[in-house]
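Okay, so chain A shows up in both of these, paired with chain B first and chain C after.
Moving on, here comes the complex of A and B:
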């Protein structure tokens, strides 16, 4: 399933909404969106992942990339990730620098 | 998404010219070696001098059987390099290896076996040992699977710190052991990410360089022994048994199972740099995990045994490493391999320097004889990419070559100064006849490094190999029974002293003496000229229960117990204070060996030696007291260090200071905490300027300063 990526600003939050599969083929789209989001200078980058059914290591790389791309005082939130996806993020230890949230 | 300009440019080399095994391919680029992502595909390049044919074996990630076996067409071979670009591969989800066919004739050095799938010596990632300690499936033919790695890490503005060598304070540690203990309270214990969480601790300690025990992929499960008392499996915990030289150990990464170990390690390095801490890797080029003729075939052995290993005329393996085989480091091909490897770690991981395990081997010729002008060492010293990295040799090997002080340095190489360790340990213990050599060692070992300066000497008292500092003052003998080798392993000449009881004791006097001895050791280490190296945990009295060779102990014997940070806060505070003191006093870090030349502004020599009487050192065999005064070029830079290894106290007559200056007390290991050490710059002026009573087995540090205002009762 291809990935659809959308980007919007809601107040002081940049929202990235992902639907589909985050893998080696689709991750570049996500990368480019993160670069744009980092340029917006908001305090929070919220990545809505409820619609992501599968995340390969490429997706994990994208989250590491996101964490590195934004300024230190910017919070990255991953919202609504299904259990297999959030488990992957936790196992990788990324939950200490990225806020995992159900909603 | 808008296409960028570069994506619109057509590349002719992005199109296949051949088809092999159903895959579209074209001739790859011989350089660089390894698997590299190119437009539309992956270019695979591997060297073998004697192979008659080469096959690229591709697996879908994690699958036991290959998804493709692509023999390199003859026209894809340039010289002895096989190179092929394969198009349409999902490079993140494949593993690969090679089958090399050729002669099997051990007498002439050839051990080709096309049944074996071999790891790529240039593999940037290895799959198969992704999670530490998980027993591998031995029935699988190909254990250490090469993987493709993207080199797209965002380093931001990270640049080498370029800390002058003489200003370094090195902290030697083990990635897993540093945070594996449950008390570490990190989110990913035992990993690069865990270590990253402890950066604030390292910063507060004051070190500015971390030296990591091997992080190249190794197999911790290749130790067949068990603990004879508990029956538990023993590990190859230290990791001096490299499987793959370009790949960071996946089991050291919380993200290893996702192939993210490279990024996790880089993130650690980037953050260490941001905290002002350089990273030195302990690298093992003297041998590999393939062992001797009984050992496994992983990579080199099957690709080009006769090139990569030193072989006897009968085709057996020379064993100068003590571990089975010896890498043929001065073979021109292997030289380039070592160079490529180090360049990779510097360019792609921003590593600041290297400590070379058994580096004397790197100076041996193809037949094992020591070379007067070893080309590999010269090559590394002058290489453009490595130009500003630190190069540190363990200047001996297991074949009996001992080159401390004589290692071919080319103006670059520093050495682990084993003589420093032995001398200071011997002095601390109270051995007679050591005072003269002690003076030489703390002055930067001018006898060994006359032309190379003090920074050629890495001073250390303890390292991973041997007793910890706490055990050095708690055990007369090693206690290595848990290693399953009948206590026959590990060094016997430890120059240790248990202070009156072997091992743990409730005797408060003995425990107080041990604490004092540890402080004495630290006080001498951090006031010596040369680069000080501290073993992780020594600052909080980490014990290995008398085991001086914990290479196989993946447990509390080896791990840093973070509860000790509170339990041994007194020693930690002392260590921090000594490191801070060193930073305050440039004269302790001078690159030039002292000459005795008088500093005109103060009328004191750059170095002077004293005993109970000022200006009268006692060099006799029974002397166990030595004081050294250093005078720098700054107004306040006068440091006096009295070292008393005698079991009795002595009245010291202090050398007179020029007008307006007086002696201030920085540290006295004989004093109760918190009066054992002061804050640098806030030392307490002595009441009796001319004398000081130094206690038994104590070190006293004074500074000569002009201002006499900081008369503080509290530290």
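Moving on, here comes the complex of A and C:
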């Protein structure tokens, strides 16, 4: 299943909305969007993942990449991830530096 | 007319898939695995774990095993009332996922983290049983996900 990625700015937050499946084939699209988002200079990058039904480690690599691209004081939030996706994020230990939120 | 007995027999039958080791073929492997998960009646969580594990191991073969040099991956599966067993084979250089596992670097700050290396760890923590052998020039990984939720430390009777 393909991945659709959208990018917008809401106040001081850059919003990336993902729908579909995030794996080795589709993660490069997410990667490119993160690069654009990092250039916006907002205080928060919010990644809305409620529409992501599957995420492999390629998605984790994108999240680590996002942390490395943004300034230290920028908050990265992952919002609405389904349980197996948030479990994957926790397994990698990324919940220590990324804010996982239900809504 | 398909009877219940036929369906059970079908579910017990082993089936196989062979694809080129490319990122584009990973979707076909995922569909194959999800069909087996459905035949075994795995719940959503167990099916997700099985798909993730096979996807990560197959992705590793594509990205690192053949190192872009081409090759094939064969996936065999068997589903039954107890769960699903998948065997992944490739002819890339020997690689034992258990030896090559890289656990998450929890203490390392994000900016210093290596990007990647977590796929094998995710795969091995997603299945109920895992085995590896290298035979006749082939890497052979065997993954099992049980139909019912597995209690890693079952209570004693």
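Throughout what follows, the second predicted complex is superposed on the first by the 103 of 103 C-alpha atoms of A that agree within 3 Å, B and C clash if a C-alpha of one lies under 4 Å from a C-alpha of the other, contacts with A are read in each partner's own complex, and residues count from 1 in each chain.
Just so we're on the same page, a residue touches a chain if its C-beta (ideal position, glycine included) is under 8 Å from a C-beta of that chain, and two chains touch if they have at least 3 such contacts.
Since this is a predicted model, take the numbers as computed values, not measurements.
In this superposed model built on chain A, chain B and chain C take up the same space, so to speak, and clash. Of the two partner chains placed around the shared chain by superposition, neither chain B nor chain C is touched by A:4. In the superposition on chain A, A:54 makes contact with chain C only, not with chain B. When the two structures are aligned on the shared chain, A:43 is found in touch with neither chain B nor chain C. By the touch criterion defined above, A:101 reaches neither chain B nor chain C. Shared-chain residue A:29: touches chain B; no touch with chain C. Touch criterion met: A:84 reaches chain C, while chain B stays clear of it. With both structures placed on the common chain, the touch criterion links A:68 to chain B and to chain C.
Only one of the stretches 5-13, 167-175 or 257-265 in chain B has C-alpha atoms clashing with chain C after the fit on chain A, and that stretch is 257-265.
Counting contacts as defined above, chain A residues 23-25, 56-58, 60-61, 64-65, 68, 88, 91-94, 96 meet chain B in one complex and chain C in the other. Here chain C touches chain A in the complex through residues 23-24, 26-27, 30, 45, 48-49, 51-52, 55-56, 59, 62-63, 104-106, 109-111, 113, 115-116, 118-119, 121-122, 125, going by the rule given at the top.
Residue ranges on chain B touching chain A, taken from their complex, read 1, 90-93, 150, 154, 156, 187-188, 191, 193-194, 197, 254-255, 257-260, 263-264, 267.
Those residues of chain A that touch chain C in the complex are listed here as 1, 23-25, 54, 56-58, 60-61, 64-65, 67-68, 72, 83-84, 88, 91-94, 96-97.
On the side of chain A, the complex with chain B involves touching residues 23-25, 29, 32, 56-58, 60-61, 64-65, 68-69, 88, 91-96.
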